[in-house]
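Per-chain numbering from 1; labels A, B, C and D assigned in written order.
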Amino acid sequence: MVKLETSSGNLEVQSTQPLQKVKARRKFKISLSNVLIGLTMVIFATVLCAPLITSYNPNENDLTSVLQAPSAAHLMGTDHLGRDIFTRVLFGGQKSLLIALLVQGIAVSVGALLGLIAGYIGGRTDKFIMALTNIIFSFPGILFAIAIMAALGTSVFNLILALSLVSWPEMCRLVRSQTMALKEREFVEGGYALGASVYRILFKYILPNCYGNIVVIATLGMAGTMLAEASLSFLGLGVQPPDASWGSMVNTGKDYLYQAPWYVFSPGIVMFITILGINLMGDKLRDYFDPKM
Amino acid sequence: MSKLLEICDLKVGFTKNDEFTPVIKGINFSLNKGENLGIVGESGCGKSMTSLAIMGLLKHKGLTVSEGQIKWNGRNLIDQSEKEQKSMLGNEVAMIFQEPMTALNPMLTVGTQIVEQIRAHRKVSKKEAEAHAIQMLKKVGIPSPESRMNVYPHEMSGGMRQRVMIAMAISCEPELLIADEPTTALDVTIQAQILDLLSNLVSETNRSMILITHDLGVVANYCQRVMVMYSGKVMEESPTNELFDKPLHPYTKGLIESVKSIEENSERIASIPGMVPLPGEVIAGCVFCERCPYATDICSQQEPPIETTDDGRRVSCWNYKNLSEVVGAYE
Amino acid sequence: MNEAFNMKAIQEPLMEIKKLKKHFPIKKGFFDKLKDKTELSVKAVDNVTFTIYKGETLALVGESGCGKSTTGRSLLRLIEPTEGEVTFEGKNILSMKKQDMKDIRRELQIVFQDPYASLHPRMTVREIIMEPLIIHNVGSASERVKQVEELMEIVGLSSKMKNRYPHEFSGGQRQRIGIAKALALKPKIIVCDEAVSALDVSVQANILNLLKDLQDEFQLTYLFISHDLGVVKNISNRVGVMYLGKLVEIADTHTLFTNPRHPYTQALLSARPVIDKGLQTERIVLEGEIPTPINPPSGCRFHTRCPLKTERCMKESPEMVNLQGGHSVACFLAN
Amino acid sequence: MIQYTLKRLLETIPIWVAITLIVFLLMNFIPGDPVMQLMDARSGAIDEQVVEQIREEWGLNDPLYMQYLNFLTNLVQGDLGTSFQSRMEVTSVLLERIPVTIQVTLLGLFFAIVIGVTAGIISAMKRGNWLDTFVSTFSIAGVSLPAFFLGLLLMYIFSVKLNWLPASGYKLGEVKFLILPAITLGLSVSGIIARITRSSMIDVLKMDYMVTSYAKGLSKYRILGIHAMKNALSPILTIIGVQLGLLLSGAVITETIFGLPGIGRLLIDGILQRDIPVVQGCVIFISTVFLVVNLLTDICCRLVDPRIRSEH
């Protein structure tokens, strides 16, 4: 999407962009962020194949080996009930990842659809949808999710519901503002001039031009969802014991910070690297789709 | 006459992924005191970049000078210190940009923006600077200048904003004014007002001006000398009347013929085949040879030198002497 | 060209525009409504009447905010006019239902100004030019592909490039793609909204020549909207001059350029810098700025800048008066 | 300007009412009968008649909308009901807990602004060099590091290993208890502030008027301090406003880790004990503060920008 800049100075540099972009794609540098993104990919793969990698049962207590330091047998040590922390981190990650994917899937479909409708129709429909997002945005951070979990009770289904409810408004606003900008663009007007149906305009002219941003926001949103899920689990409002989850492991582990620091740090560091990797990926995607940021 | 400005073999470009792409591929020209030079060319020819290079502002657009000299009153501007540059900009050389809406800071009043420039170069009190600014606004024909001092740029029309830019530019009585497409964003009737104002201001005080534009009509009416650029090179440089009477370079000829045939309402408009090259595009031989109807073998192999003709015109073409032999090349 | 056109004995009207009005309402805050109950609106087009004849090129010229683009878009109902009548081949377009309108759209096409914004960035050239054929269900899939290739050749693009994306083309080539798309349904009228304004001089000439060729080949009628008088003089048979939402003068091109009667037309023509000094008329530099169309001046809208204004101009709004032939002017002094 | 403030205020009120409604409805979802719970808590024999009497007294037999209207009327008068557990007025419990939360939040905000804004400006100025890379990495790490883990990390380093600061607890007037929670909060949001500051500065530095200001030969201080800062300020103010809200909700986590008796702790304890009025009160209080802060930042942004100031 090359924009015709008003100042000729800008134009001269900008019109070469397509050429430059092709070159940039070919080069791949080994940088810290690429290593971290790679590491996150490895974590994803390991977590998804968890049962193949570890022979321990994540929920089986072994009171003979309680709070053992990391060793060859227990890569990340054991917890206060003698369970293998490495195994629990893998299974906890699996849950976290699947929840985040599902939540973003819901947020993208609901948010993008409502955004398209609000931006295209405008008027009262737009006002109504925007009021909904405004209300959700008026709860700071994860407070709304906390309130929902408190009210509906803790279950994975409710967790997904709560996280989806707080995730869709951002997607909706993004798609709405893009739709509003795009529907004024000349190529969309060209679609009207041809007599294209509303359906065609929305899904063939407008939506494909939002894909880039949707992917970026969904990726960054996924990191946010994992963070929120971990925080809820940490507070005891997310995934419930004995099922493993990064947040709840840190929560129980914090009582053993003096004797067994690995209990807190193992799940914590894996969680940090994963979320960081996803965020870095989102940033890369943003640079790719929108070179000006 | 003394040379006010001399550009020698200037090369400018940008670096991306460790690769340097030249956009201005070596240009030479000079400007005398009191002279009015027009630089014309189509988008991407490097005309705006030339002005930024003179001002030393290339780095803000991600560009660098790779070779050459820019001499201002005999002093090379390329390696001057930041302090020297600061005292020169806005004081000895001032610039007027294309889009007055974006070139003025939206957060500051018109008055503040003129006063700060005066106070950056003159040791005067705020009161004195304000009085001077009001005078400047009056000079560029802004009605009730006192009250306009407290107005923000967005509260003015495009023409008025461009007048403010001009008032700002002349506030420190610079020797050289560089106007980069000063009227492209304006309507025709407003364009006439602004161009008249500019040329009066320049001739009144024996200042020099470089007028950068894509509009041959503007150049024909407001400049004494014209330099034609194409793809980062100088194609031709002549006094205005001679250029329009008898263009030497095939590119100039094509441009003028196509504008003339539009004006004269001919059935078939003379046109140059092909398209304008992208900035930084590498072309072997003469940069214009791909689109040139007069091109011969040598054109695509060797770059033509810039030659000075007997009557003091400059042209960069292997075949400029034989152009008149081919008739109707652009039809 | 003008002469050739005038020789046609009968001028058959193709599209008639009567008292076209487009007012864009300005949204006011709650408190402003309390203070002042009158509705504010941008009077983009105000009572514009003219006719487009078959096979001609009618140009609309004027400066920014004069309403020329709004007029052009209203004719295609890309903007719904507030009032007025637009008849195409005797049928009123503005009162048409959706389905009928879709059929009519085959006859009316538009080429936009900005070659960068007017093409779908994620469709290939083939898809872009095929869009109109798909929407209007023309031909089978293989016929469409063939037609796309033909269209590309017609506008001077190699059909080998059909699988490329718009950003791989230069401004001039993109404008050719836009023209091919407009031609696909074999329309009767093409509105060219500043179709060559964004292009470089050397490329502009190519596109103008192409437009002229296509007109001869397909018997097209153009409504050519532009702010560039040079281009208008070259391509059009008749010219309408607009100022602040009003049509102030309309005449055949030769008459308008040699004998303009409205003071605004005179000033506009003289303000244009031309190369050939012989063509330069005496300069009339207008004072002041173009007023905003939100609160246009009373009486004649041009009176705030008119060098010849009288008392009457401030109070009464002049109507269009036919002087002779097709030359009409809205000015008290011209009669 | 006054008009704008009034208008924004009028727009905020329905949102606030909607928030109270949502919170009220959510609390109605909580399974179990509050009266039965109360009875349970007192572990006495359940007397059907007494239960019915209390229900009547609390208005629990009224239709839902009546209950809500009562709740809203009381709320507007500052009455948030009575805690099921402690039998104390929720309002007075909140007032007791507010100072701790406000202290930690403001201290955290101070850290966040100092670190975030400075880092953002520096990296925008030195775009592309190692400092910029460092700040960018730091800010993305800040966004990715969950506050609860960061808190424990700091606690491990400064309390367990170095023994410089207390791990948890609170004593009125002693700052040392507040430092770790405040740094945790501050660091966790400074990343975003740095990011927004950087991108907003970079956007401004690219503008045509910045080139003009160089072309005028102005001093560096004037170019960056006046021309650039004035234009970059709005987005920074807005993000700080939003972050203050996040700090408030983040307090839930830090207060849990560091054992501070603030509103966040109150909320979590309330949830665990199913003390509906307390939960309701905390959520509404935090959201209301957030709403007010956003209103104020909006108005500040208006004041800063002459372009929006003159429209209505």
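To be clear about the criterion, a residue touches a chain if its C-beta (ideal position, glycine included) is under 8 Å from a C-beta of that chain, and two chains touch if they have at least 3 such contacts.
Chain identities (UniProt): A, D = ABC transporter permease; B = ABC transporter ATP-binding protein.
Only a predicted model underlies this, so the values are computations on that prediction, with no experimental measurement involved.
Following the contact convention of this document, C, D is the list of chains adjacent to both chain A (ABC transporter permease) and chain B.
Taking the mean of each chain's C-alpha atoms as its centre, the chain lying closest to the overall protein C-alpha centroid is A.
Distance from the centre of chain C peaks at D, each centre being the average of the chain's Cα atoms. Judged by contacting C-beta pairs, the busier of the interfaces B-C and A-C is B-C.
If you average the Cα atoms of chain C and of chain D (ABC transporter permease), the two centres end up 55 Å apart.
The geometric centre of chain B is 32 Å away from that of chain C, both derived from CA atoms.
Per-chain CA centroids place chain A (ABC transporter permease) at a distance of 48 Å from chain C.
Here the spacing of chain B and chain D (ABC transporter permease), counted between their Cα centres, is 54 Å. Taken residue by residue, chain B touches two or more other chains at 43, 52, 61, 97, 99, 102, whereas all remaining positions touch fewer. Looking at chain D (ABC transporter permease), residues 208, 211 sit in touch with two or more other chains. Residue positions of chain A (ABC transporter permease) touching 2 or more other chains, listed in rising order: 7, 9.
Of all the residues in chain A (ABC transporter permease), the ones that touch chain D (ABC transporter permease) in their complex are 7, 9, 32-33, 131, 134-135, 138-143, 146-148, 150-153, 223, 227, 230-231, 234-237, 247, 250-251, 254, 257-258, 261, 264-265, 268, 271-272, 275-276, 278-280, 283, 293.
Interface of chain C with chain A (ABC transporter permease) (complex): residues 73, 76, 78, 101-102, 105-106, 108-110, 112-114, 116-122, 131-132, 135-136, 167-168, 178, 181, 185, 198. Chain A (ABC transporter permease) contributes residues 1-4, 18, 185-187, 189-197, 200, 205, 208-209 to its touches with chain C in the complex. Of all residues in chain D (ABC transporter permease), only 205, 207-219, 222, 226-227, 230-231, 304-307, 310 touch chain B in the complex they form. Those residues of chain D (ABC transporter permease) that touch chain A (ABC transporter permease) in the shared complex are 14-16, 18-19, 22-23, 26-27, 29-31, 137, 140-141, 143-149, 152-153, 155-156, 160, 199, 208, 211, 245-246, 248-250, 252-253, 256-257, 267-268, 271-272, 279, 283, 286-287, 290-291, 294.
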